[in-house]
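Shared between the two complexes below is subunit A, which has subunit B as its partner in the first and subunit C in the second.
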Partner chain A sequence: MAIGKPTPVVDARAKVTGRSEYTVDLHRPGMLYGKILRSPHHHARIVSIDTSAAARIPGVKAVVTGFDLPRVRYGFGIRHRQDMCALCWDKVRFKGDEVAAVAAVDESTAAQALDSIVVEYEPLPTLFDFDAALAEGATLLHDDAPGNIAGTLAFAKGDVDAAFAEPGVVVVEGTYTTQRVHQCYMEPMACLAEWSPDGRLTVHIGSMNTSGIRSMLAASLEMPISKVRVVQPNVGGSFGSKVTNAGIYPATAWLAKLTGRPARIVYTREEEYFASRPRVNNRIWLKTAVRRDGSLLAREVKLLNDVGAYVEMAAAMLEVMSHRSDSLYRIPNIRFDGRMVYTNRSPVGAYRGFGNPQMTFAYEEQLDRIARELNRDPLELRLQNASRQGDVSVHGWELQSCGYPEALEIVRERSGWDRKRAERKPYHGLGVAGTIHEGDDRHSTGFAGSEATLEITEDGRALVTSGEGEFGQGAHTTFAQIVAEELTIPLEDITVRFPDTDVSAYALGPWGSRITISGGNAVKFAAEAARNQLMEEAAILLDVRDGNIALAGGRLFVEGHPTLSASVAEVAHSALYRLNGGIIRTVGKEEPFTSMMNPEIQSNPCSAYSFAAQVAEVTVDPDTGQVHIDGIWTANDCGTVLNPLMADAQVEASVLQGIGFTLSEHMEYRRGHLRQAGFLRTGTPNVFDMPPVDVQYTDTCDPYGPYGAKGVAELGQPPIPAALAGAIEDAIGVRFTSLPITPEEILRALTTTSSKARARGPADANHTEEVES
Partner chain B sequence: MRQAIVLQVNSERHYVSVRPGDTLAQVLRERLLLTGTKEGCGMGECGACSVLLDGRAVNSCLVLAVDAEGHEIVTIEGLGDRAAAAEGRAADGTLTLLQEAFVEHGAIHCGFCTPGMVVTATDYLENSPRRDREALMRAIEGNVCRCTGYITIVAAIESAQAAIEREPAALESAQAAVGAAE
Partner chain C sequence: MEDFIYHKPASLAELWSLIERAEGPVSPLAGGTDLVPALKLGTLRPAAVADLKRCAELRPGVRQAPDGGLVIGATTTLHDMARSPLVAASRPALAEAAATVASYQIRNRGTVGGNLCLDTRCSYYNQSAFWRQEYPDCRKLGGGSCYVVPAGDGCHALSSSDLAPIMVALEAGVEVAAASGARIVPAEVFFSGDGLRATILHEGEVVTAVHLPPAAGRHLVFRRFAQRETIDFPMLSVAAEAGPDGVRLVVGHVASRPLRSPAGEAALSAYLSVGRGAPGIVGEAVVDELRLTSSVRGAVSYKKRVLQTVVAGVATELAAAVSTGRERGV
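This part shows the complex of A and B:
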């Protein structure tokens, strides 16, 4: 049995010996090194660009600007605003915006060339936050976006006004803000481009969204899609971010085209912070109504997302943020008003949870407050309102499997919640939070499934081709386990190819925790078809007219005839070389029965929904403001756990990323300037920041996912900010509604809060000070 | 302006002409094509580029190539052969105990931090005067991993440590390797 067995990643030996190739490692004969010139201004008109001095430097082979490339505006798919460009030709809209690119024989020559490009800018007024951008008469970042509104989404379900007016209801209200953080994947963005003499472009990219980037890259270069081939080598982490067509891809392609030589661009870590796609920062105003029996009645949300200079994926993010958290609890009345605001900051991208950690931070705070108002145990209140299996949520989401109530019970039990809450200790607290995540979220009415092919070579090994990307999360290992399970052959006999748009089928991209569900089902269907073919071929080889063929241990048996058998290799060999035979090659197609998210109507956008509950226990040092995390207890409903070794670490890693997001990580801007760029100076957690984490799973089996599995990757991070903020509040009587909660903020809060609030036993308090840091 | 230097990497001599400002990481990766050594930040903050310099782990992005001349450099690609040489075996591509432990414990996900982590932990196992959880964490404090949450990495290193301590031969060979390098 391969499913459910702790399995190291299939390419672990290559990785541990340094033999795995990532895009940053690729070299080609005659390869040139590219670099991108970035705007030093937050907002400015480009008056002129003089590249002549740069072009004269020995070793410089090409210099391109936005005036050389096709002047095309494109977006993240056709549903998004088409506001991006490869290299700017009219305006720059953030410090770091792409202006020109050079190719040279080595990196230092390329860097020298950048310094020699003379750009004349005419600075324009800058907009660094929501308020400035939304102010009357504010300068416009994009002429076709009045008021700097990049997009809106508003809808209502049920009767929210009547619910809030209902006599006797408890209403809580608050505003929450979050900061920008970087995904901090270890491998920087990278691209290697090369052209064949017949005018075809091949790009190797450090991104796992091969099909999507092929479309966007072709659009940005005004090329037919069929002339672009996108190949994905190993990717050194992503956590959502690397799916966009940042300027690096068209710029590299153009440099290679002009020079007729392969060209490679690798971002510096500094560029990562200035010009890649970090997590969106937002301001969430939230109001919740609850009946005195504790049942949730209504919720109203006003959301502002700072999308930076270009919309990128932010429109999808707004949609998802508007819906997702509403399905965690039973709540009948919802009103949502969300706006995306352009500012002079870098555009934003996906990061583990896709808006979920931010929304959860706000929603769960209000549950804690309601619990206090009603004098209820906060975990108990969540349990009372938790969605359950078979529920259809306020948006029409059909929860075919839901382990959330069980998850709450598990963390209550494992953390010693009841006992610890009864034994209060000063400066010591507990917090609880939960989350729901999507699995394979449909974002178009068109094809939203996955396709995989499987070939069995004549020596009995399996070659799997899927366009669904591997970026360190273990997709290839999961796919190999599925094939091993279906064909009963050893894991070592299975090869999963990396995506290559010339070879692998179109794939949607690795978001919404969809790879295991959607990609995994496609691989499973292909393997099932291969098994059937093997059985048919075995019947021919073993000359069995009637009688069932069974497959076990890599051999095909005739039932009732123990001596009649052949190995998978023998059968595959026979299939290929017998008269009228052929290679065993199958296709697995998955297309989910989901409907696109549409706020106007009820929809069920995901094949499956995953859930998690967490308890955090902290001790706060009143002298230093330091938060010591005594433990995190997690219970995850990801359906059947296909690979416990990888699942555990996925949860642990997302917990740590959540801790960073809550307590330390911050891309801090001051007067518009990003103050620090680098791992250390933006608070990236290291080994000492990892507390003891208890990882548990609910006993859930999803009817749709392969073997009952759902997504696990995005469950660990979303509850953490709320659970930690709750625990800190429990410890010191101060609720933080703004992230990150740094020691400085805690000290400031402790010195400004009344000593009564500090000294009280939090369990008996029904008043907490709210602090916006 | 270029300068010809000789670098001793994984027991092989390489003649390269470098600029004075070229870092060891750049020369290893771009000139010698030893791309197993990763560069995650270029400013000594992530540890991905760690290599052994005379048996001790250094961030190769902070070492100038010209300063590495005359020193014994071992990269992730050379760890297996180094262990084999220390044990008097022919180089056969076998993983070190530590590398095996990384594989078995699931300490490898995207793999980008792995070479630096393994190199740093090799230094810890061979040279740390104290070998306990705290010392181990201090040793890898400068190595960033974003995929695992460090738990499996710590477990892998501790298990390799236990294996070495169980088998004096393994410990001796590790010490011999240090001696050979120095």
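This part shows the complex of A and C:
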């Protein structure tokens, strides 16, 4: 049995010994090194660009600007605003916006060329936050976006006004703000582009969206999609960010086209901070009504998302944020009003949870406040309202499996919740929070499934082709386990290929916790079909007319005739070399039954819904404000656990990312200027900051996912901010509604305020630099 | 990174002769953990780099000095100092402190001499040209502004060396060699206090070794306060040593040099010898006396609170070390 067995990641050895090849490792004969000229202005009109001096530098092979490339605006998919461009030709909208690109024989020559490009800018007024961007008469970032609104979404379910007006209801209300954080993947964004003599473009990119980028890249270069080939080597992490078609890809492609030589661009870490796609920061106003018996009645939310200079994928994020958290509890009345606001900051992207950590932070805080109002145990209150298996939520989400109540019970038991809350100690506290996450979220009315092919080579090994992609999360290990399970052959006999759009089928890619469910089902269907073919071929080889062929331990045998058997290799060999035979090659196609999220109607967008509950225990140092995390207890409903080793790692690592988001990480802007652009001072925790994390799973089996599995990758992060904020409140009596909750903030709260919830001022005002006098 | 000439002199004489012949500044290189990031950022653009790791005079290793103290070769890595049996036996707190610097990789590469010569840092200077583009140059870059203390004059970049406050507390001597001869500079005066250049070294002068006085009857306590467990410059650190000749209490990372606190030392001395006062009073004395500089790691008000707490903890621990006769590290 391969499923459920703790299985080390199949490429772990190659990775830890430094032999895995990433885009940043790829070299080609004659390859040129590219660099991107970035805007030093937050907002400016490009008056002129003079590249002549740069072009004259020996070793510089090409200089391109937005005037050279097709002047195409594109968006993240066809449903969203088409506001991005590869290189700017009219305006720059954030510090770091792409203005020009150069290719040279080495990096230092390329850097020198950047310094020689003369750009005349006409600075424009800058908008760095919601209030400035939304102010009456504010400068427009995009002429076709009045009020700097990049998009809106508003809807209501049930009768919200009546619910809030119901006599005797308890109403809590609050505003929550979050900060930008970077995904901090190890491999920066990178692209290697090559053209073949027939005019086809091949790019190697560390992407998690090969098919989507093929379309977007073709659009931005005005090329037929079939002329673009996207190959994905190993990817050094992404956490959602690398679905983007940032300017680096078309720019690299154009440099290679102009020079006729392979060209490669690799971001510096600083470029990552200035110009990649960090987590969206938001302001969430939330109001909740609850009956005195503790049952949730209504919720109203007003959400502002700071999408930066371009919408990128933020529109999809707004949709998901508007719906998801409402299905964790039974709540009948919902009103949502969300707006995306353009500002002069870099665009944003996905980061493990896709808005979930932010929304969960706000939603779960209100449950704590309600518990306090009603004098209820916060965990009990959650249990009372928790969604249950078989529920159809307020939005029509069909929870075919739901282990949330069990998850709450598990963390209550494992953390010693009841006992520890009874023995209260000073500066010591417990917090609880839960989350729901989508698995395989439908984002279009079109193809939303997955397709995989499986070939059994004549030596009995399996070659799996899927476009879904491995970016370090372990997809290849999961796929190999599934094939091993179905074909009963050893894991090491299975090879899973990396995506290559010329070879692998169209794929949506590994976002939305969809790979195990969707990609896994496709691989499973392909393997089942291959097993059936093996059985048919075994019947021919073993000359069995009647009687059942069975497959076990890598051998096919005739039931009831133990001596009549052949190995998978023998059968595969026979299949290929017999008269009229052929290679065993099958296709598995998964098509979800889901419906696209639509606020106007009830929909069921996900193939499966995952759940998690967490308890955090902290001790706060009243002298330094430091939060010591005594422990994090997690219980995860990801259905059947296919690989406990990988599932544990998914949860543990995302817990640590959540801790960073909650307590220290911050892309801090002052007057729009990013104060720190590197790992050293942005508060990213590392492995030594890991507290003890208890990882448990509910006993849940989902009817749709392969072997009952659901997604696990995004369950660890969302509850952490609320659980930690709740524990800190339990410890010191102060509730923080703004992230991150730094030691400095805690100490300030301890010294200046009484024990009541308080919101902080704008982050930019937090650090005044002065010398003691 | 811009091109530079790489030299690997086998002796200081060779170093000085190549400096004389060089057409621009020559940056000394030991572990490179400070220099290489500066080269990458472009804050330093030397014409040449002289790798000192092969210089006989700077050879690595910890040796017993005739007076019973220790001599630590400048190119001894932080890791090797932390693991040295001689250091562990006589200065366990120093060994433990060295083992908390940055990360394994940096300790394996970074040297004791290099650590003492670490440049000062600030949230403006230690950035790329792209990052700094919208600001006029600061004083350290040859301009006229300071973004740390806009109202002040001079450069207020902060001392970044973990070993600096410890060496001052230990009354270490820094052995400096120059073409004109060698001398031993007390650690307390080795650090200039000027953000523009962290130490008193001139071009061509190099640290060859660190001399620690005999440990008998002396006890060191060191604590650092950082956001992260590893790979983080601390917001502040406190080193205190008690010995027959008195106490020294030094605060690191809050100014351009390690700061001694005479008032804190007096309070600490009273607390240790006659049991007058309390650890918290020592902390107050230090906080009242020292002028701290705000930084990206914390505003002055926050630093004061933390400093008081850390000093009090150091005082308590030092009292325990003195009474038990045993020194413990971080």
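Rule of thumb we're sticking to: the second predicted complex is superposed on the first by the 753 of 773 C-alpha atoms of A that agree within 3 Å, B and C clash if a C-alpha of one lies under 4 Å from a C-alpha of the other, contacts with A are read in each partner's own complex, and residues count from 1 in each chain.
By our rule, contacts are C-beta pairs under 8 Å (C-beta built on N, C-alpha and C of every residue); 3 or more make two chains touch, one makes a residue touch a chain.
Note that the coordinates shown come from a computational prediction; the quantities given were computed from them, not determined experimentally.
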item	value
First, second, both or neither for A:L680, with subunit B first and subunit C second	both
Which superposed partner A:W89 touches (first subunit B, second subunit C, both, neither)	neither
Touched partner set for A:P40, first subunit B, second subunit C, both or neither	second
Larger contact residue set on subunit A - subunit B or subunit C	B
Touching partner for A:W285 - first (subunit B), second (subunit C), both, neither	neither
A:E21 touches, of subunit B and subunit C: first, second, both or neither?	first
First, second, both or neither for A:G472, with subunit B first and subunit C second	first
First (subunit B), second (subunit C), both or neither touched by A:F688	both
Which superposed partner A:F67 touches (first subunit B, second subunit C, both, neither)	neither
First (subunit B), second (subunit C), both or neither touched by A:V655	first
Shared subunit A surface residues [contacts with subunit B and with subunit C]	108, 679-680, 686, 688
Touching residues (chain side subunit A, partner subunit B) in the complex	6, 8-9, 11-22, 24-25, 27, 106-108, 183-188, 234-237, 239, 268-269, 471-474, 645-646, 648-649, 652-657, 678-680, 684, 686-688, 690, 693
Interface residues, subunit A side, partner subunit C - complex	38, 40-41, 95, 108, 270, 274, 621, 623-625, 664, 673-677, 679-681, 683, 685-686, 688-689, 743-744, 747-748, 751, 767-773
Touch list for subunit C against partner subunit A, complex	1-3, 123, 127-128, 130-131, 133-134, 147-152, 156, 225, 227-233, 291-300, 302, 305-306, 308-310
For the subunit B and subunit A complex, residues of the former touching the latter	19, 21-22, 26, 29-30, 33-43, 45-46, 48, 75-77, 79-80, 95, 99, 102-106, 108-115, 118, 137, 140-154
